[in-house]
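One chain, chain A, appears in both complexes that follow, with chain B as partner in the first and chain C in the second.
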Partner chain A sequence: MSQIYDIAVIGAGSIGTSCAYYNAKKGADVILIDAGDIADSTSSRSDGNILVCDKQPGFDALFAKASQDMFPGLEKELDYNIEWTQKGSLYLTETEEEFEIASRFCSDMKQCGIEMRMLDHKEVLEDEPYLAKDIYGGLETISDGSVYPIGLAYAFALAAERLGAVLSLHNPVVDLKKEENYFSISCENGTILAKNVVNACGVRAPLIGKMAGLDIPIRARQGQILVSEQTFRVARRKVHEFGYMLTKFQSGDYERPVSERVKRNEVAFVFEPTASNNFLIGSSRSFVGEDIRSEIDVMQALAERAIRFFPVIAGIKVIRAYSGLRPFTPDHMPIVSGTAIPGFYIAAGHEGDGIGLSPITGKCMADIIAGEETFMDLSPLSFERFSN
Partner chain B sequence: MKREVVIIGAGPAGLAAAIEATKNGCQVLLVDENRTAGGQFFKQLHKFFGSQAHSAGIRGFEIGKQLLKETEELGVEVWLESSVIGIFAGKRVAVLRNGITETVEAQSILICTGGAENPLRFPGWTYPGVMGAGAAQTMVNVNRVLPGKRILMIGSGNVGVIVAYQLLQAGADVVGIVEGMPRIGAYGVHAAKLKRAGVPFFIGHTIAEARGSDRVEEAVIARFENGQILKGTERKIDVDTICVAVGLRPLSELAQMAGVKHGFIPELGGFMPIHNTDMETSVEGIYVAGDTAGVEEASTAMDEGRLAAVSVSCALGHLNRADAEQKKEEIRDRLASLRQGPFGERRMNAKNRVIEMGVTM
Partner chain C sequence: MEKQRGLIYDGYPSREEIVSANGWPSEERFARGPVAIAECVQEIPCNPCEAACPFHAIKIGTPITNTPRIDEDSCTGCGSCVAACSGLAIFVVDKTYSESEALISFPFEYLPLPEKGDKAEALSRAGEYVCEGTVVRVMNPKKNDHTPVITLAVPTDKVDDVRTMRRLVLPEPGKGFENVEPEGVLDDDVIVCRCEEITAGEVRDAIRNKKATTVTEVKRRCRAGMGLCQGRTCGKLVSRILAEELGSAPDTLTGSTDRPPVRPTTFGELAGTKKEV
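And now, the complex of A and B:
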């Protein structure tokens, strides 16, 4: 009889590696399984923003803040350079109307304990001198930061391994069966037995769910990114348009004054400087299955939108373009919970927040499996919420 | 914007293809990132080999002029100084032209972007004065500037030897040709001219180092056996220029981006797009020709371009099947005759392997 692990985590992205780490930290015998390598999919195609500014006031913001608060200690705890920086983030508002919506949002978030402040026209231009001169104002979030996402997944995976977790990489799961006291996980390189399973497969979570007989409502929401050449410091920290909130949640009556091309590709300007003086430009949204080919129309919309906010970008070269898949759920909240199948857990569906929410997700998943109380009521993240 | 056929690269393959496809009735757009069409033709002052059908005995730039003239007479639409930045889903070709990216939707795409010179890394390889042989050839034959006075050529293949001779003709002192293999690589007729001019061939040698203060002033060469430099055999040569001619590789980034199946064929330059006997790749409607489809010569490139053009014309309904097959057979026969002899046979065998690999994914 082969070994029965306490926990098999399927998926070695930022979420799965974090789940492996925090469970191993609690003393569980953990095996981390992935069809490919660590951070092979969404985690190697995302930006590294660790944000609370783009969460909704209430549970969403508090959960994200709890995760963000874990980052300053992670580098030391995991003994890995994850390039954590905490310079805050800046939202830009194009119009008075946007500024008004942002102001209401700012005061709601402050009530949740998120440190934010409005910047008027003059202040925002002082903050980022290369901004277009007509930017109406801004909203600063003090605690926002950034990491190197691939590094983060490696940091968690290697730290888990040091705690005794087994890494079973390049080993696709082909089937999963519930026996009386354990799960039998058929993989290409043999069968793995475990008392508990954590499905941390991001956009592929529905495939693993199906093997267990669960219908997980996660869809791949594609996003494209442009990478600039190494250049001068166009902006000192993460800058994005407040319209991003409106496109992310597809909500509100407010219509941005944008071109057809920007609108049809659901493009909202996101700027992230990297440690090596390039910068990334996002963001777009579309449901195109698992297609991660770049699309010229989207690339042009991204560039157009970036130049609108930072005209100086028109003279800077793009050296790369790539896209990735966000694991999207219908209510934009992840699933971090158990299921009707005892021992089968889901940690997936973080859409564009998987990097930022990975520490708290792993920690909560370890608490849930151990039967301990989580730091707050996680019912908004339950799988059950989709059962109707 | 829509065009039936977009041909990327206006070198030997692209020009020949544009002419053939236009004659057959295709609506063609020929795109090239350079200021003039012609690819490497206008650097080639030497006479071509092959049969009458391959313009044998005519100098490269003369063939280029002929093709350009024919292109003009046929009224082929040519976009120069226009860079293709990508091929996107639905056979859309994005072209950066006059600072604006235009997207051209094509029914067929022919990629003939040519090859790129392989680099050779050795201590000092980044000094000013160390350059690809192709760069030296452009300087001397196109821009009429001598890259240096005392030149060492690394590589004795046709490119190395032909460029060395042209540098010699232009007044430079070619101080030697270094060849890692124990034999001269180029056709005898080209190598013999240098021999007669007294240029030494250092066979079984390689470059160990380039030295200098702010640019190359001295080359250190040494005996080379089993991939190793033999210690104690180093010899110093005063030079101001080192040209590197150690082979070419297919430029296939656009084919890769389009999802074309690739294979590794060392004799044809390494990693390259796989194609069938019609020059079509694994992606329906995307064709390759010339050095992109495996590094050979301008003569084979032109015929591959024509072959691809005939296939495209047939696929788009401009040629009936029987006529197209007859034309294709004629071209294939000519290609076979170009791939004879000790040099050609190697390429012929390699090309056969490409065909055997197949274009199904």
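And now, the complex of A and C:
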């Protein structure tokens, strides 16, 4: 009879590697399984933002803040350079109306304890000198930061391995059966037995769910990114348009003054400087299955929108375009919970927030499996919420 | 329509491309003696010439894909850069050789080598016959690392056109190439990815200690292939190291994923607006 692991985590992205690490830290015998490499899918095609500024006031913001607060200690704890920087972030507003919406959002967030402040026209131009001169104003979030997302997943996986976890990479799961006291997981390289399973497969979570007889409502929401050459410091930290909030949550009546091309690709300007002196330009949204090809129309819209906010970008070169799939749930909140099947857990559906929410997700998942109380009531993240 | 000229149309750079990418010495400078001319118009990650110049007259700087500029006042025409250029794209011209003749020095990697005093057929950048020349010098010291430098005397009015000479003997079919160095394992401190300055040792660390098994997995762990050339230069070397480390055949390894754009292009060009200055 082969070994029965305490916990099999399926999916070695930022969420799965974090779940493996925090469970191993609690002393569990963990195996981390992935069809490919560590950070093979969404986690290697994302940006590295660790944000609270793009969360909704209330539970969403507090959960994200708890995760963000874990980052300053991670580099040392995991003994890996994850390129963590914490310079805050800046939202730009194009019009007076947008500024008003942002001001209300700012005051709601402040009531949740999130440190934010509004910047008027003069202040925002002083903050980032290369900005287009007609930017109406801005909203600064003090605690936001960024990491190298792929490095974060390696850091969690290698630290988990040092704690005794087994990494079973390039080993696709083909079937999963619940036996009396354990799960039998059929993989291409043999069968793995585990008392508990964590489904951390992001956009592929529904496939694993189906093997267990669960219908998980996650869809792939594609996003595209442009990478610049190494260049001078166009902006010192993460800068994005406030319209990003409106496209992310598909909410509100406000119409941005944008071109047809920007509108049809749901493009919202996002600028992220990297540790290697390149910058990334996002963001776009579309539901196109698992297609991760770059679309010229989207690339053009991304470039157009970037130049609108930072005209100086026009003369800088694009060296690469790529796209990734966000695991989208209908209410924009992840699933971090158990299910009706005892021992079967889900940690997936973080949409564009998986990198930032990975530490708290792994920690909570370890608490849940160990039967301990989590730091706050996680019912907004329960799988049960989709059963009605 | 007039036929377009230049590297991508002809296989060799036009005078306009060279002047724009590298500059051209002034007549006043030519009158003072030998001077180096770089004819390197492609933005590739390459800079051995910069380090080869003992007078720091060649400037590439950052990014490494800049084309070389030679400061005509610091350049002494010593020719150290001619053999150092892996693209065989630097020449030395001396228009003060005699009343009627000038000298052109160029890299020449064909055997057999000519000898001093030989007559040779001087050829243009296109490889076409220009005039007869006389070999006045054959330099092949060890530091040239198998790149001999030949100096030809040609009529002064032809020296701007002559860039090489016809090889003396054509090889038998199927012959003509010999390994100048045995194949071997790269030292750990050899730079494999020039754009990001990643060494063979760092690539090996990604494979041995961080579980990389493909070119893409190496790239994500240590940035080899993430720079301006997007792995076009280092991809084969990374494959070779992977094959050595994993004991697999190079042709069974997956290359990195090709992504647009094929060549770096500005955000302005992509957006369809004019490039801002």
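The working rule: the second predicted complex is superposed on the first by the 388 of 388 C-alpha atoms of A that agree within 3 Å, B and C clash if a C-alpha of one lies under 4 Å from a C-alpha of the other, contacts with A are read in each partner's own complex, and residues count from 1 in each chain.
The definition used in the following text is that contacts are C-beta pairs under 8 Å (C-beta built on N, C-alpha and C of every residue); 3 or more make two chains touch, one makes a residue touch a chain.
Small disclaimer: the values here were computed from a predicted structure and weren't measured.
After superposition onto chain A, partners chain B and chain C are found to clash with each other.
In the superposed model, A:Gln3 makes contact with neither chain B nor chain C.
By the touch criterion defined above, A:Gln111 lies against neither chain B nor chain C after alignment on the C-alpha atoms of chain A. In the superposed model, A:Ser294 lies in contact with both chain B and chain C. Looking at the shared chain after the overlay, A:Asn181 reaches neither chain B nor chain C. Within the superposed three-chain model, A:Ile307 lies in touch with chain C and out of touch with chain B [touch as defined at top]. Within the superposed three-chain model, A:Asn189 lies out of touch with both chain B and chain C [touch as defined at top]. In the superposed model, C is the one of chain B and chain C that contacts more residues of chain A. Looking at chain A, you'll find residues 294, 296, 300 touch chain B in one structure and chain C in the other. Contacts from chain C toward chain A in the complex involve residues 62-63, 196, 210-214, 217, 220-221, 223, 226-228, 230, 259-261, 264-268, 270-277.
Those residues of chain A that touch chain B in the complex are listed here as 291, 293-297, 300. Considering their complex, residues 37-39, 44, 150, 154, 158, 167, 169-170, 226, 228-230, 276, 281, 294, 296, 299-300, 303-304, 306-307, 311-322 of chain A touch chain C. Against chain A, the residues of chain B that register as touching in their complex are 86, 88-89, 92, 94, 101, 103, 259.
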